[in-house]
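In structure tokens below, several structures.
Next, two complexes with subunit A in common: one pairs it with subunit B, the other with subunit C.
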Partner chain A sequence: MRRYLPAGVLTGVALALAGLPLAHPPAFVESILYLVFFWIALATSWTILSGYSGYFSFGHGAFFGAGMYTTANLAGPLGVPFLWTVPAAGCAALLLGLSIGAVVFRVRRLRGELFALLSLAVTFVLATIVLNTRLDGGPGVYLSGVKLPKLYASPASTIYLLGLSVAFASLIAAWLMRRSKLGRGLFAISDDEDVAEVMGVPTFGYKLAAFGLSCFLAGAAGGVHAIFVFYVTVAETFSITVPLYVVLMGVLGGARHWIGPAIGAVFIIGVTYSFVGGDWALAGRAAVGLIFILAILFLPQGVMGLVATKCRRRRAPPEAAATTAPALPVVRTLLPPGPVLLSCEDVQLAFRGVRALAGVSLDVREGEILGLVGPNGSGKSTLTNVISGYYRPDAGRILFRGKDLAREPGHRIARLGVARTYQIPRPFARLSVGENVALSAMFGAAGLDREAAERRARECLDFVGLGDRADALPTALNLHQRKFLELARVLASGARLILLDEVLAGLAPSEIDNALDLVRRIRANGATIVFIEHNMRAVLALADRVVVLNYGQLIAAGLPHEVMRQPEVVAAYLGGAHA
Partner chain B sequence: MPSATLLGQSVLSGIFAGGLYALLGLGLSLSWRFLRVINLAHFGFIFLAAYMIYQLAGVWGLSPFAAMLLVVPCLFLLGVALQALFLRFSINEFGSLLVTFGILTITEAAIQWIWTADFRRLETPYGTASYRVGELFVPVAEALTFAVAVTLSISVWALLRFTYIGKAIRASADDPDMAAAFGVRGHGLALLLSGAVAATAGIAGTFIALIATLAPAQIFSWIGVIFAVVILGGLGNPFGILAAGLLIGVSEAVTMALTAPSWAPLVSFSLLILILVLRPGRI
Partner chain C sequence: MTIEIGSRRGFVAMLLGGAMGLALTGAAIAQTSGQPVRVGGTLALTGPLAATGMVHKIVGEIYVEQLNKKKGLLGRPVEWVLLDDQSKPDLARTLYEKLVTVDKVDLLIGPYATGAILSAMAVAERQGKLLVHHTFGIPNLAKYDAQFPAWHMGPVPEKTVAGLLIDALAASEKPPKTIAIVTSKFPSVHFLAVGARDVAKAKGLTEVLYLEFEFGTKDFGPIAARVREANADFLYMGSIGLEGVQLLEALKKLGYSPRHHYYTYPAPGPMALSPDAAGALSTTVFEDQPPFTNNPGAAAFAKAYKERAEKAGLPYTLADVQGGASYAAWQILEAAVNATKSLDDKKLAAWIHANKVDTITGKLRFNEMGNYGDDLSKVKQVQNGKWVVVWPKEAAAPGAKLIAR
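The block that comes next holds the complex of A and B.
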């Protein structure tokens, strides 16, 4: 029940505030409260995209403005009843957001500061178009003639109630998302989008969904605000103030937390309205700028981020000694060669003329451990990236259980049952160890719901010996433990095919034995493993078969001891004497 | 369709505007490329310098160029202080965007507090003088700005390319640890470069004061077009900035002549969006 407490409290507060107009308070109380609601709605809707997914938008003014001008035009010149224009305003902003997102989110490098700049530029383009067309035309739109319906109390209270509703809807949406699959996926995107996609998060769709929702709420808030200000101008609507304040509120309150931006909004509006009139307004603006700087320097995670860290520290058990996996007896099962699970056919990929993969063909059989070896730069990691969907091959087919992966996006490949680890572990840095593993179980081939995924995560962490670190952040783990976290993730995903990219690199000899043991046990669980490694002793000890890549080509394949004696393989490793 | 003379005059004013854009964008581009600081405060510094020039030359009667000699060193120190802050808190690129936004807001409030929100105009003989070349008028202050922009771009390019300090700055930007291992003093260079960047803001501010009417609210109106110039020109590339400034300046001026002045922002921002979407690898 405790889980639903925040939503319950929120609903109670909202209902109490909704009753306020019945008490006929002075008009300025409703106005000021409306402004608080308005900024809460904007800041919270901003965080649904920017705080959760890490795509900081400086263009929230564009979507808020789209909503404002939709209402201004519908309710003003066209005479549509005001209440109808609010959802219309939301939809206009939604359409704008979706069409921008559909283009922008396809570009892999448009993140961080580039996305921020792009969204700001969109604001100015929209402002120029509105200013020069009949939407505004220059002088602004007067809405003083628009009739306000009376919901209860007085018509003036309608604005107050609508502002409250949009703020409440935004907060509830942010709260629901945070615990949902969508929210988890967005948090993963914010930490490491490429890994999220390969682990099965449909990044494009999720970003678009978050963007759409964020824009809809901002547009609806804009629709209400148009009537509140009753005189809509381009200069005011698309000014830099809206994105600045929204980002400030989010950063100050804690953008990754559902209530953070609302706290920031209340604080900033409080500060701004303590300084009113003349030079004081100026001092207020300077104060806001100063608070902004101090917040980023000293409180980069925001108020709620600080609270979350404090809670985590209190919950975390005392630092345990480095754990080692219990040495379970291992059954070396000599499986008969199974049917082909994955088949690469003439896979090619070039980077600006460098042929990283020059037509690789190989089969991986069900239940085997296939060692993939080759000198540095031979194309092993590139092949891993192609199979897991990070790169799209120029030519060739990759058949996995009868399906061609070559044209599939990474998240679908993960859902079909392929998982990988990274040579340098790439955990989601701001999710706990347990959440990292649960995410993989939710989005991978297993496709579990949240509770089942959390159970599975605990099992997998116990399996690799990290059971007592589930609540820690990955940064608190050492390299050895982070490698095992990667193994727990692939294990939890329920993948049929697991690509292990140099899991042993950087481990001490005793840790290597531990890891080898673990890999065997993962295979014994029914997975097929492609084992990419430089450590020959480990390859010979573990692999059922070995394939050798050199210069992006397959130069040998067969049983480990035989392959390593072939002259081409010796030449590839030791230099050209035999070549 | 406007006459050939009007169009020619538009192109000419576009070229001069482009020179000014390059002058303003140069510092932004250098600090983004070599310091990994997206310095929005640069715009505040430019206008701070412009207002200081206005105060020294317009109110206290110094020659604008003597005033520049006083203002530029002040700005240099401001730039050093800014970088010291970034080094102390080891702020990443995105954090720098946010922090400098805060600094910009404070600078703007300070300017408005000291000089009020009213328009301020520095009256100098250079401000209104112009030569007539054939059918076209060539305003002296704008032409001088353009010359300075070109000279500064060439000097920066040569400094980066040929001097030891320039090479060390480039090495440090590409791989700070490796550069440090080869004896490059990264922190000292960063402070120096940040000071130099702010000094270009001082120079740019001087010419803004010479050719434009000043108002605090104008600071924000420059941000979009200058970012478009910087990204189009390629980070840390002085000639690229110059070329991009000219391209945007001329296309804006022609747009203004063919349609209405209020359409002009569409050119730079659409270009900016197109580059970001089609060629994000430029950054």
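The block that comes next holds the complex of A and C.
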């Protein structure tokens, strides 16, 4: 029940506020509360995309504006009843957002500041279109003739109630999303989109869903606001003030928390509108600016970021002295290598003319540990990236349990049962260790629901010896522990095939022994492992078979000790003169 | 926070400005008593419209001080409850609701700029309050019966303003035969330019160029090239703020100077002082020059305004159209209260509807569409770095006439 407490409290507050017009307060009270609701709705809808997924948008004014002009044109010149125009405003913004997202989210380089700039450009483009078409044309749209339905109390209360409804819907949507699989996926995207995709998060679909919902809510808020101001002009609607305020609210309150932007909105509106006295107006605005600067300086993660950090510190136990993996029972017995699980057939990939993979063909058998070795630049990591879906090969097939992975996106490959680690660990920096692992269990082949994934995460963290670090952030772990966190993630994913990319790099000899032991036990759980490594001692100790790449080509394959003695392999490692 | 003129603070302020007060009223003896009459309003004191908002603030302070040095309103001191709407129409709406429903002010006076005035107008309508406002620019949007404009540009300025202008040019030494119209898409500017097209046609001018640009445009190079290419006898620019000066600078780079050229709402200082703006035309309802200042009240106001504007560091310190209309708004309010001996909104509105009010901008009547009356616009021109009213003849500054290149 406790987990539903925030929604319960929010609903209670919303119901109480909904009853306010019955008490016939001064019109000013409804108006100022409406403005608070309006900004809560805008800031919260912004955070659903930008706070959760990290796609920082400066274009929220465009979607809000799309809603404003939808209502202005429908309710004004076209005479559509006002209440119908509000969902229509949301839908117009939704369509606009989806059509932009469907193009932009496919382009890998349009992240970070480029996305922010692009979103800002959308605002200018939309403003230009509105200004130069019959949607406005220049004189603005005046809505004085629009009849406002009297929901109860008074027509003015209708605006108040609609504002409250959109704010409430935004907050509930943000709350539900944060708890949902969608929310977890968006947080992962925010921290490392490429890893999220390879781990099974359908990044394109999730971003599009978040963008669509964000736009819909902003559009609906705009629809209500059109009637509130009732003289809609391009200069006011598409001014830079809207996105700036929205971003500021999100940052101040804490953009990664569902209630953060609302806290920011209440704070900023409260402070801004407290200084409306005529004789000290400039001093008041200067004070507001100073307060904002101080808040950002001392609360870089926002109010809710600070609260989350305090809670995490309170929960986290002191770091254990020993971080090696305890000897846990093996779940399954060792199986002899079975049929082919993965088959690469003439896989080719070139980067601007440089052939990284020049027709690689190899098989991975079920249950084996296959050592994949080769000198630097031989194509090992590229092959790993191709198998896991980060790169799409130019030619060839990659058959995994009968399905060709070559044209599948990364998240679908993960769902089919392929997982990987990274040479330099890439945990989701702002998710706890436990959340990192649970996320893998939710989105990987295991496809567990949230509760089951959290249980599975605890088991896996215990398995790798990080059980007591579940609440810590990855930044609190040392390199050895982060490597083990990577192992816990692939283990939790339930993958049939695990690609371990130089998992031993940077570890001390005693840590390497622990890691090797852990890899053996992961295989004993039923996984098949491709072990990409430079450490030949480890390869010889661990691998059932070895394949060697050089210049993107397979130059040897077979039992470890035999392969490592082959002249081509020695030459590849030591240079032609030693062959 | 409010400006409490009539309170102790206001009294101290009055003492400090005593000399000026003497000059303004000639009898600086406060004869007021009782509860103050509270006049509420907002202005854009911060935000993008603050520069002009400050003009209205200075005018209001001068007027309320003058009132309190006479007999206030109904013998009671006047308190101006002034709030900062931060140049936001939605906040203006909310603050007017506060003024009416929480502060319970007796009278309302308008905010600055079209969007905020429309917001205030809607509040006044819902609350049944009278609203007198300073410089509302789109008469056909003023639909509330108890709102009264102080800026008398007539009910159809899209016809009359351009008509006045073309008549003035027709009477000049070089009447234009062709016109180029270039306009910003700023609402209160755009509709005037659209109307000017029809007026020009009706008065026999040939339109050789019509261009629209977005409000906020900074690069006027391409527009200047089109203007030079069209080479019209008369350049009509629908502009606000610095747009006019920016176009003139772009034209200068092309080595082109328009013969006759007009700008709708130019920033007065930069346009007057621009070396490229000689002969620039605009319209006004008040300037700090005769014959406006032949009226002693207007002269006293213009003097007080100049002093305050200099003290406040305003870039242009002469009272002009904004200040004049702002002062007139207070005059309307005072006249109605004095005539009806009442603060009742309905009585006041009925009186204003039925009577003419004598203001520093002229006699105002409020019985046509949108409660507008005569178009009191005059044509002014930049001559020797100053704005000079040149048309109609009876309103022209002594010896001034429209100069044609």
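List of remarks:
Operating definition for what follows: the second predicted complex is superposed on the first by the 544 of 579 C-alpha atoms of A that agree within 3 Å, B and C clash if a C-alpha of one lies under 4 Å from a C-alpha of the other, contacts with A are read in each partner's own complex, and residues count from 1 in each chain.
We take it that a contact is a pair of C-beta atoms (placed from the backbone, for glycine too) under 8 Å apart; a residue touches a chain by one contact, two chains touch by 3 or more.
As the structure is a prediction and not an experimental result, all values here were calculated from the model.
With both structures placed on the common chain, the touch criterion links A:T233 to subunit C but leaves subunit B unconnected. When both complexes are overlaid on chain A, the residue A:V251 reaches subunit B alone and has no touch with subunit C. When the two structures are aligned on the shared chain, A:T128 is found in touch with subunit B and with subunit C.
By the touch criterion stated above, A:H225 is placed in contact with subunit C alone, subunit B being left untouched.
Using the contact criterion defined above for the overlaid structures, shared-chain residue A:G138 touches subunit B and also reaches subunit C.
Once the two complexes are overlaid on the shared chain, A:A16 sits clear of subunit B and of subunit C alike. When both complexes are overlaid on chain A, the residue A:R285 reaches subunit B and subunit C alike. After overlaying the two complexes on the shared chain, residue contacts for A:Y273 are found with subunit C alone; subunit B is out of touch. In the superposition on chain A, the residues of subunit A touched by subunit B in one structure and by subunit C in the other are 127-128, 131-132, 138, 279, 282, 285.
Against subunit A, the residues of subunit B that register as touching in their complex are 38, 89, 91, 93-95, 97-99, 101-106, 108-110, 112-113, 220, 223-224, 227-228, 231, 260, 262-263, 265-266, 269-270, 272-273, 276-277, 280-281, 283.
Every residue of subunit A that touches subunit B in the complex is listed here, in rising order: 56, 103-104, 107-110, 112-114, 116-118, 120-122, 124-125, 127-129, 131-132, 138, 240, 244, 247, 251, 279, 282-283, 285-286, 288-290, 292-293, 296-297, 300.
By the touch criterion stated above, subunit A contacts subunit C in their complex at residues 26-29, 31-32, 35, 127-128, 131-132, 137-140, 142, 144, 156, 225, 228-231, 233-236, 241, 272-273, 275-282, 284-285. Remark: subunit C residues 1-3, 42-43, 45-46, 57, 80-86, 88-91, 93-95, 97-98, 100-102, 114-115, 118-119, 122-123, 126-127, 138, 141, 143, 185-187, 190-191, 212, 214-216 touch subunit A in the complex.
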